[in-house]
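Pasting the structures here.
In what comes next, chain A is part of two complexes: it sits with chain B in the first one and with chain C in the second one.
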Partner chain A sequence: MMEKENLSLAALVGAGFIAAQSILGALGGGKLLKPPGAVSDEDFISRCISCGKCVLACPYGSILTATVADGRAAGTPYIDPRRKACRLCVDFPCIEVCPTGALSSVDKPSDVRMGTAVIDERICAAYSKGHRCEVCYRVCPLINEAISVEFRDRPGDDIHMIFAPIVNEEKCVGCGICVERCVVSLPETAVTIVPR
Partner chain B sequence: MKRWLIARRFVQVAVWVILSVPILSYGFSLFGMTSPVDNRIPTPSEALIFGSLSSADILGFGITDPYATLQVAFAAKTFEVTWLWALMPVFLFYVILGARVFCGWVCPVNLVLEFTDWLRKKFKIPNANRSLPRKTKIGVMVFFLLVAFAVSQPLFENISPIAALGKTLLFGSLAGLGTLLGIIVLELFWAPRIWCRSLCPLGGFYQVFGRIGLFRPHLDKSKCTDCGGCKEVCIVDPVILEPALTGETKKVWAGDCMRCGACIDNCPEKCIKMRSY
Partner chain C sequence: MEFSRRQFVKTSAAAMAGAAAVGTLGALVGCDDENGGGGGGGGTTKDGVTSVTVCRYCGVGCGVLVTTVDGVITETVGDPDNESTLGALCVKGMHLASLLYCDGRLTTPLIRDDSSTKGTDGGLREATWEEALDLAAGKLRDTWKNDKSRLAFWASGQMPICEGYILSKFWKAGMLSNNIDPNARLCMASAVVAFMNVFQTDEPANCYNDLDLADVFVTWGANMYEAHPVLYSRLEARKNHGAGVKHYDITTLGTQTSKSADKVLIMTPGSDNAIANAIANYIVVNELYDQAYIDDHLVFKTGTENLGNNYDDTYDGSDIGRAVGAVTPCTFDVYKERLAPYTLEYAAELSSVSAADIEELAKVYADKNTKVLSLWTMGVNQHNRGVWMNHNIYNIHLILGKYALPGCGAFSLTGQPTACGTAREVGTFAHRLPADLVVNNPQHRRFTEAVWDLPKGYLDDELDDDDEPIPGTGIATPGKHTIRIFQDISKGNMDFLWSACNNWAVSLPNLTRYLGKGDQKGIYDTFIVVNECYPTLSTKYADVVFPVAMWVEREGAFGNAERRTLVFEQAVEPPGEAMWDLWVYLQMAVRVLEGEKIDGKDAFDVLFGFIWDKEAGDFVGSQREVNQRIWDEYLIFTNPGLKKAASDIDLDVDELFGTKNDEGVYTPSKLKMYSKQMAPYEVYLNSHGLTWPVREVNGEWLSTKWRFCDGKQEDGFDEEGIKMYGKDGKAGVGGISYYKSAGLKPSVVFRPWEPPAFMPDEQYPFWFVTGRLLEQWHTGTNTALIPALNNTLPDSYLYMNPGDFDAMDLKEGDEVVVTSHYGTVTVKATKQQRVECPPGVCFGTFFEESRLINLVVQEIYDPISKEPDYKKTTVSIVKK
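And then the complex of A and B:
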């Protein structure tokens, strides 16, 4: 038989674990940009054991690990595209080393679905200032597919045009290189990735 | 000469050297300090061995922590045969030697908590000396499988203190450090050695298979003087030595024994031996 004080200790420890779990759950609002090959947020979180092999397999040092401040994602790998975006290796070494299928195989870079780039027209140099920036368009590995440039009239200006970058949501893989290279830093970039 | 202690400290440290060397030899930095680069570079994943205690590749063959895999099976509600090939070498290695050999010889948390216990004794920190039955950890192990099922996430792996130190060292993952700190405080002031003895789910997992192992301490009752030296140093729980000390059994049969050899080192009559027969 358990003694009374043992029972209270057991209850306390149990409560501690449950508290820790609910804190993680409560904090887990924001989705992180996961390495390529993650099927969905739910599937990835259910399979990732935070072993870190993808971090050590990334040839560009793009992959970081989340802290408890990231809630449910604590310990799992993510990519901060402003620091270093995913370079979409053709052989996907990060997927190759994943032991549990949290990152599952992808045929080719254009099949990756990490997220979608979204351009904030209010701060984008092309839209808001009329600059012919085109940086996101030029660096996009799927140039003319995921990001294309559309010529638009500039209101109140009969001579100049706006070279507007347009994201094709069907084609964008969410690698984040447009975020890494965006010239706007307020510190928000004009382009961000909405993770899948 | 505390031969078992020396051997054990050597292994406890060697594990981290073995896992750190490939990272450093490929020009990566420890503690996740590797700077991102623009041109593709070779990575530690091409080394003969790389990874962490959760999962590693040895000569291209992947091995994975069996309890972590079990949690994923509960969380993702699926099982893939390839997982079995990865967990079996680890499972069989430890279970054949004596399952909790992992706890005694490999787990970094045990190393830290052995130091915590030394600190507590050295500075005579007042402690409430609470304890829980050792089999509580089997319950904790099952509990985290049920949690994994309920929240569809191998939650223990996200905040595991076992991972914390190694993963901080190898790639700067800080997620489990809070848990480890909590355990250290708990043990310093409240319940000495309670994590490894009664709470750790991974310890509970290996405890279940602990009676299968080949090696276990064998006590020669004819030479024993009942000095109690072995019980003083047992890092699991001195109670597990009782059946052998009373002559009821010849060996320490408890599934909890970590085969750490502390009792052997501390026996003045040299009447305890680690034997496989």
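And then the complex of A and C:
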């Protein structure tokens, strides 16, 4: 595992790698991560008119447009968190410009429900190797709420701990910044967002 | 154990290199499955060569195994056999494999023909080594011959030990210049001065094992979670495994270290000396101190007070500036009297920490059944009264008899991988020589001359017609400290600067001044030489850039925070024309010292002939052999018996340095150079690092973990040292002997609270604290280059209190203009709670060259240590 990871790290320098990962991320089990405020799946597909206004409104370029490869979702907006996660703007310009209510208003960033982060403990550097990584925890805009750290024993080592990042499913909004920043790239990241 | 292919490859290579009779670290890496069970060593290695190395980042010194295939690093994993860290790494260490292969590596010497292009992206052209060396050496030699007060080297706590040693010898013996100072001046100088003042030895008495044993941890101005990640994991392990183990965090802002502490005491910046004195006063008033220990082990002193601050460049030369280091003996009673004003209430008033919390902490310290370990770093050291705060922590521990014991003590943590090993141990400071010796002590100079084969008195200042020494002619007078060097550069008072293993153009305070952005433009006129691996902001100001090897592209040794010396092997060759720094130093020395004589002999050959063949223009042997030879010479400093001339001065055989009493009885002045005994090079090559002093017992070289504490040497106690230097060869009360201290007694020096140089006011209402965060190391010249690592923290931010942030109507990532008395900078603001700033306090990191926060950082320094205070600049913040 370790060797594979390190070989891939050397290769990661190539941008192609990130691109490949982006496509995988976008496919994400077939379900796309939609922008904040997106109404339920069926409702969203019927309401979204693929006008692209939210794509243009996003100040970070986080919102992309789905392609024909995404089937019914083609033309609708989505976020590939590995490429660029949602920055949870307080004024939600993407929702603001949506003419149809496909993206409906949200009071504050912590009310967003795009999805939930899930950590794969088998490949996470903190869990699997006991390394002091837990980057996902520190970059979380809802640090100590959506992701916190629990101390666990490090197998075979009494004098160090695993700093285990724990996702609180109730609090996690699914912005995906943890995915964008994850150091594991096999090409799967150790943390992914399961869209709502 | 099978003799695997990589061991064969490694041992064969070593044999071919002619490294006779030395072990090979690679062979120490055991069978292929050993990493599996060690709890984190990581995966197995396939074909290839594995080298035992150490991480190049912080002072923790995590062991790293490097695997190379066909001359390229394919894998780095934690070294499970490194006793300091057992294979654990942080996210920076996980990415070491990529470090050497980032874009933009410097592989050719560069020259700047037009100094007006300094600070821009252009202006450097490629050159041959010959041209670059001739140019740089010519400038250095001209400056040296013209006025050697106008040259300087800025060295580093990231420079391997043997390189620092030779560099220091070149400067101090070759050019008789003390104008060499390390970047450790910016991080450990306050700790160093206090070590010398209190113990007369520059070292922590404790070790990492203490983190496995303490009952209470007290962190003072230390964000270990971010700055010492793997050591913090060790602290957490103790807290999680030990019953009732507590952690108190004293800090000016909430950090991730605070997050897991049991109690957090948020204090007003600069008030720590008041809190520490209130704790000491509580101990004294309630008679909780250990009188027997005090009688046996301690002396009391007071020192110069009302120091003021260096608001301008005249401070060092002023009356108070010259008197700052003075101390006077006093009694315990006087110490008690001086503490008396520091009631819990007074400290609470100054610090905003409640009297009840200070009292609770005082009781915890004083509890006779509790092992307390105080830990601190830059919050204490980068402080306008940093030396004093170091003193005040020792004072608490010493009067309680709670120092140098397993699990109990005061542990100053280093910030760089070899701040202890190189900057301090081999003496790359303006006032130091190797092994704790100082330039202004004649016996120390004699000893150094003996080791270096110099004529007696060679290092002394020349005498004028009245037989008075002329300062600066020899090295009896300390040289310019770091801030003085850069102040003089800015004023046009320097002609030559050379730096290696650092990035002063980002790390210095008050860059507005030093980078010539104000009215002082001296940086454009000073000829600047930089040894570097990748382009930095410093290379943008360089007239000559020497491309050099980095990390495991050469063999070297680092010394970490717990006195562990670890030799790391060369794993790969440097790219292109990049060369080993040592090669560059010697190529420069051979040019600068051309035609110079020492006692009628060729000066270069006297100093460096043992490692460099002038005729051949190259090293005398392999890199291993050169390191071995340098180590053999350095070894004499801590093993004076290896050379009679040195030993005679160590023991004061000729009765030159001691004192005679009224009856004419002579007491010799003994240097006790074995105090910091190092082992022969091959011992390190056969280990994963050893903590000094290393003692030979029954043919085996054994580490010392607990300094001055009696017990069996094989268990890590200081048995051999106490036998050699303790009173009658024995320990005193508490099983302790402070054998390096004058009279075997450390000094408790009363150090008061004095205010910061600036307090927030209407114009500059915020405290601005700077520091590091886990993912990016220092100025980012390494970590920011590795895409996967940089991606974890690509932007530096100004962390603000949410109330302050909202009051300015800011949104996440909005740009703000930060302005101080010294300069202005635009940064992005956040209220994300990774750093929890109290109202009126903000925090920023210094890793991002494009957001140069040190443009605003004050150049106020501790008047004694000359270490800048990066923690208390007062600023205004305005939305852009």
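Just so we're on the same page, the second predicted complex is superposed on the first by the 167 of 196 C-alpha atoms of A that agree within 3 Å, B and C clash if a C-alpha of one lies under 4 Å from a C-alpha of the other, contacts with A are read in each partner's own complex, and residues count from 1 in each chain.
Following the convention adopted for this analysis, contacts are C-beta pairs under 8 Å (C-beta built on N, C-alpha and C of every residue); 3 or more make two chains touch, one makes a residue touch a chain.
Not measured: the values here are computed from a predicted model.
Asks: Is A:A74 touching anything from chain B or chain C once the two structures are fitted on A? First, second, both or neither.
Replies: first
Asks: On the A-aligned overlay, A:H160 touches which partner chain: chain B = first, chain C = second, or both, or neither?
Replies: A:H160: touches chain C, not chain B.
Asks: Give one of first, second, both or neither to describe whether A:F151 is in contact with chain B, with chain C, with both, or with none.
Replies: second
Asks: Considering only the touch criterion stated at the top, classify A:A57 as touching first (chain B), second (chain C), both, or neither.
Replies: first
Asks: State whether A:I49 touches chain B only (first), chain C only (second), both chains, or neither.
Replies: After superposing on A, A:I49 lies in contact with chain B but is clear of chain C.
Asks: Could you look at A:V97 and tell me whether it touches chain B, chain C, both or neither (first, second, both, neither)?
Replies: A:V97: touches chain B, not chain C.
Asks: Once the structures are superposed on A, label A:R87 by its partner contacts, choosing first (chain B), second (chain C), both or neither.
Replies: Touch status of A:R87: both partners.
Asks: After the superposition on A, what does A:T65 contact: first (chain B), second (chain C), both or neither?
Replies: It touches chain B, and chain C stays clear.
Asks: State which residues of chain A lie in both footprints, the one left by chain B and the one left by chain C.
Replies: 2, 6, 9-10, 13, 87, 89
Asks: State the interface residues of chain B toward chain A in the complex, per the touch definition above.
Replies: On the chain B side, the touching residues are 23, 28, 32, 34-38, 40-45, 50-52, 54-57, 62, 64-65, 68-69, 71-72, 75-76, 80, 83, 86, 130-133, 136, 140, 143, 147, 151-155, 157-160, 163, 167, 170-176, 178-179, 182, 191, 199.
Asks: Write out the stretch or stretches of chain A touching chain B in their complex.
Replies: The contact residues of chain A facing chain B are 2, 5-6, 9-10, 13-14, 16-17, 20-21, 24-25, 42-43, 45-53, 55-62, 64-68, 72-76, 83-84, 87, 89, 93, 96-97, 99-101.
Asks: Which stretch or stretches of chain A touch chain C in the complex?
Replies: So the residues of chain A in touch with chain C come to 1-3, 6-7, 9-10, 12-13, 87-91, 125, 129-133, 135, 138-139, 141, 143-144, 149, 151, 153-161, 163, 180-181, 183, 185.
Asks: Applying the document's contact rule, which stretches of chain C touch chain A when the two form their complex?
Replies: Chain C reaches chain A through residues 37-40, 42-46, 74-78, 85-91, 93-95, 97-98, 101-103, 211-212, 229-230, 232-234, 236-238, 240-241, 256, 259-260, 773-775, 787-789, 791-793, 811-813, 832-834.
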